[in-house]
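Next come two complexes, and both contain chain A; in the first it sits with chain B, in the second with chain C.
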Partner chain A sequence: MEDVGLLAAMPINEIVFFINKVVIAGLIIGSVYALAAVGMTLVSGILRFANFAHGDIMTLGAFVAFVLTMLMPGLGAMVGLPTAFVVMPLAMVVTAAVTIFLDKRFYAPLRTVGYKPITLVIASFGVMLMLQGVIRLFFGTAPRQMYVTAKDIYRVPFGGRDIIVTEPQLLLIVFTIVSVVALHLFLTRSRTGKAMRAMSDNADLARISGISTGHVVRTTWIIAGSLAAAAGTLLAMDVSLKPDLSFNLLLPIVAAMIVGGVGQPYGAISGGLLVGFTETLSVFNWAILLRPLKPHLPEWLEIPANLAFVPTEYKLVVPFFILVAVLIWRPHGIFKGRVL
Partner chain B sequence: MKRFTRTIFATAMVGTAVLAASAANADVKIGFLGGFTGPIESLVPPIFEGAKLAVSQVNEQGGILDGQKLEIVSGDSTCADATAASNAADRMVNSEKVTALVGPLCSGETIAAANNAAIPGGVVIVSPAATSPAITALDDKDLVFRTTSSDAYSGETLAKILKEKGTDNIAITYVNNDYGKGFADALEESFKELGGTVAAKEAHEDGKADYRAEIGSLASSGAEMLVVLAYVDGSGLTIVRQALEGGDFSKFAGGDGMVGDSLVANIGEGKLDGMIATRIGNATGPGTEVFSPLAKAAGLDPNANFGAQAYDAGFLIALAIEKLGKDTREGLNAALREVSSEPGEVILPGEWEKAKKLIAEGKDINYEGAAGSHEFDEAGDVPGNVIEMVVEGKGFKEVAAN
Partner chain C sequence: MSILSMRDIHAGYGGANILNGVSIDIEAHEIGVIIGPNGAGKSTTLKALFGLLTVSEGSVTFDGADITNDNPETLVRRGLSFVPQEFNVFPTLSVRENLEMGAYVRRDDFRPLIEKIFEYFPPLRDKHRQPAGELSGGQRQMVAIGRALMMEPKLLLLDEPTAGLSPRYMGEILERVIAINESGVGILMVEQNARQALAIAHKGFVLAGGRNSFTGTGQALLDNPEVAESFLGGGAH
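What follows is the complex of A and B.
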């Protein structure tokens, strides 16, 4: 009898709210972090420096996709997908080319002279500021919409409330899964992939055994640049496109990379999802799950209106905490990466 | 040596002549402060023109006091930078030695200028545009007035409307600045007084790409309606759109910052029907009707944002100086109250000659301005004319004047 009573009291509504706000939201932001962190961790592993311009390369990729969308707005309707998603592969190619150009112009000269990694890190700050300036110069600071038409919203009725996923969110999750699988196959099966792993493990040994460093470096930038462009475009489709879109995500992305272990692509993916879920869990208001239990609780126990761990304004401190905790207790990250 | 002496002598002569001339015909000087540079720089010139129109009318119709000229000097108070506003006000009060001030315009700079220069110097300031309720509570020795209504009235009116429509439990999100915070505080206070519940009241930063975390937190409070006190072209639109997309709220209300047709145009017709908002309406009264042709004749737009309020501020200060009978700072606030409020013979915009004559005869006057009747209350505020708006079809429609 008591079981029936408890079952009736099951807070379906609130559980759906939890799924929407924590599970789906965490999966979405986690996927963005993962896609961005993979590229950043590959660069860090192979070229031995943290590329702080990575966030703005994401923004750049999104703006390239935006320009292409504006040039061919009708393209998406023909395929039945959003135009921005259809032109995304092209944006990825352009962004990859830009990253190779940036490497040639700014990082390669420093590398050949044999400067320490910290010099390259500072150079990447310069590239970051430059990219931000160029983007603002051409596009201004106003937010823009990546969608030509209204975006589709899928509602799955579940009890009294719907589970809600929008079209760009679904595309983002699917794209992340596909690219993770593809990356795994590339790194384990292809010659270049194996060479990349070898170089990440020990650059000198790899060079002695006849691996072409130039080729590996180029491939690394192509992967990093195109995944960054995809992450930026998909994020901009989900929210809106702004010049500071991904700069604000740089910290969680770095946290994801370090949590996963620097130089470890799988680590970056799990780190990205971990940081994403931690963020959504920590700003979630747990009071909403407790409220339906109110009739079963003793009267003296008041449920406060807000029971979140962190107020939403301070969401950005969560990755900071993770970062500091990992650096103190597990400096190699989950997957035994290198220490920067 | 001889030549030197001659030069000195000549200079002294000229100087004395100038001094004598200015003593005989000393101008009465008032100041204008506004953010000529900064975030509202495009709005300031028409406001300044409004104040200048009042001054030129005074001069055309016989001048002030004993036929002296009224002069207006301007300073840049920057809107956003409190230090710059204090410095500009300090210059007005202590170097230019103005009798009274029109402006500043933004709420933050008005508070800074009042506290750091005007109140210590005993100078009356009449702001035509500062709407923050914080100015009401200023310890101003009865020196700070404004010719536009406080957001507190909008908050109060919005609370009343929501309650009348049967809304009992609201969540408020406001843009984190003087406007948003003042409005939100006023709304919360009035709504609670009327017996409603404010389940959540949270600030947000303008201009972010994503507000889903904030909306989630607001939705978890269990409120039935979301009140968005932000700007429609900034965070307001994004919040309403994401709240609708996420199914977090279906009922919305907003302040004057949300009243813009771009809201419905961007979200889609029919999705926001019934959304309530308030707006500070144009005053209706004899003064407004008289002002429109006057402004047009002077080449100004009578409906320019706060232009009429600035005209009134300038005209009221001139009337107060005339009433006081001398060009001093003391007693000007009392004179300002006398010329602006009932009882008394009604003076409309542009009627300087008539007002001057009545004052000379010792009669009481009551200025009915271009932007309202300006019956200042104890805090130097004027009651607002807040209009209820509702979304219907393509955009907002007026419901009724309150």
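What follows is the complex of A and C.
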């Protein structure tokens, strides 16, 4: 049969290339989007506004981790992990404290006066610009490395070729899985977690039930801030640390949140992975997978050199397209969320 | 001594007052019913009482303490529970989680109480894992009342508990209200179905234009030709 011949001539090189460029890369960027979007969607569900400073909270968290790494560079070698990863929990705590401060100082006063959500959205733009300014003021604009030593690279042999995962990528994937499970248990088992879901469902009724809304709001910021700090740190470890590290990710993060349904943490996680994989699938050069099929294709069919749906430099249009498409056809997202 | 006493309450939503002098007295373990035409301030009275809008004049005393303008969290701890008319369940939370949220401020083991609420409202037992948003209107109302009972309140405030329900559920809910009252919980409720509500009330309050227009026992109000004429849809029995 024709198929058997095809299978025997499995183009291992191309398949491994596909796994590295699409599956691994999509999982990595999708995890970053998921970690960021889940915090943003929790804030949106409970405080009823999209916090556009969320991307720069990620950058801030990464810079906190960077400073801590520079202060104690030898820490990682002692436990056999990258220093930036070892100090990450501390960076998460510091970032969570900063988000609570930002809420107290900038968002809470607007909330108590009873301004509309759009006012808070605009205020979050102000906070975003302020954070960007503060980071540039202290650290300049040059890219920095989070690694004190060289990055470990893991090669998994696969039919003679290697699937390549770097240490920060592996840490990111493990951290994402652990935090998603932890968040799930928190939201479904703990008293405060259930109160968070209750307040997201119906804030007035939560108040009437005697739920301490201040406590719920603080917890929400702590989760959002610390997950953002982790996402920023792990992303900066994978690429490099720049002041615009995650501002450019804001659009895909918002897309992930809206695709998943605003206020739906599980939706944000799947939305993040969906946007991540769609991005890598769109910029992948499909000609590479088609070339080995050349003998089986008709003579007249020329395979162009580049068959990517979107050129890499225009990657940002992918989440934008997803966002527009979802807003037109499924404004509540795939997991029924609310419309902001 | 009355468990609740509202004296000459004036309140509104920022602009003009909606309540211009409402007074309500309820003894412990009584059922009080507030009736009156649309816009009379019935629901507003409950909201003002529960700290959901600011009382500008007058005072509210509950169980011997002044609770005027206290916030809901404090009131829940004092033994006052409120069931709003609409949006009174957490739709994505399961029935059991809805009940747990009613006991949010409790730190003791409240599982026996959940059992007790399943005894009041048997349909909830089978559906305890189902999201409350998927239940029928009548069952949602049971969840809402169940949630409010989780604090074992001294006084339960119900805002039109039978609104929008089929006659079957309407009767069932009112029957449950009587049973809850017989277990020692005071009730103050607003009702559109004035006749049925007054029939089970120890005390009735007729509001009009944001102030009391008649007050008396449920039976006395039902027998009052003026009340029947103006507020019970004519004197036809």
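Some notes on this structure:
What we mean here is this: the second predicted complex is superposed on the first by the 335 of 340 C-alpha atoms of A that agree within 3 Å, B and C clash if a C-alpha of one lies under 4 Å from a C-alpha of the other, contacts with A are read in each partner's own complex, and residues count from 1 in each chain.
Basically, a residue touches a chain if its C-beta (ideal position, glycine included) is under 8 Å from a C-beta of that chain, and two chains touch if they have at least 3 such contacts.
The structure presented is a predicted model; accordingly, all values stated were derived computationally and were not measured.
When both complexes are superposed on chain A, chain B and chain C sit side by side without a clash. In the superposition on chain A, A:Ala96 makes contact with neither chain B nor chain C. Touched residues of chain A were counted for both chain B and chain C, and B has more of them.
Of the two partner chains placed by the overlay, neither chain B nor chain C lies in contact with A:Ile253. Rounded in steps of 10, the angle chain B-chain A-chain C defined by Cα centres in the superposition reads 140°.
Shared-chain residue A:Ala206: touches chain C; no touch with chain B. In the superposition on chain A, contact of A:Leu68 is made with neither chain B nor chain C. Between chain B and chain C the least C-alpha distance in the superposed model amounts to 40 Å. Partner chain A is touched in their complex by these residues of chain C: 50, 52, 72-73, 76-77, 82, 84, 87-93, 97, 100-102, 104-105, 147, 151.
Within the complex, the chain B residues that touch chain A are 199-200, 202-205, 207, 209-210, 212-214, 216-217, 219-222, 238, 245-247, 268.
Of all the residues in chain A, the ones that touch chain C in their complex are 191, 194-195, 197-198, 201-202, 204-212. Residues of chain A that touch chain B in their complex: 17, 20-21, 25, 143, 150-151, 153, 155, 161-162, 164, 166, 236, 238-242, 245, 280, 283-285, 287-288, 291, 305-306, 308, 311-313, 315.
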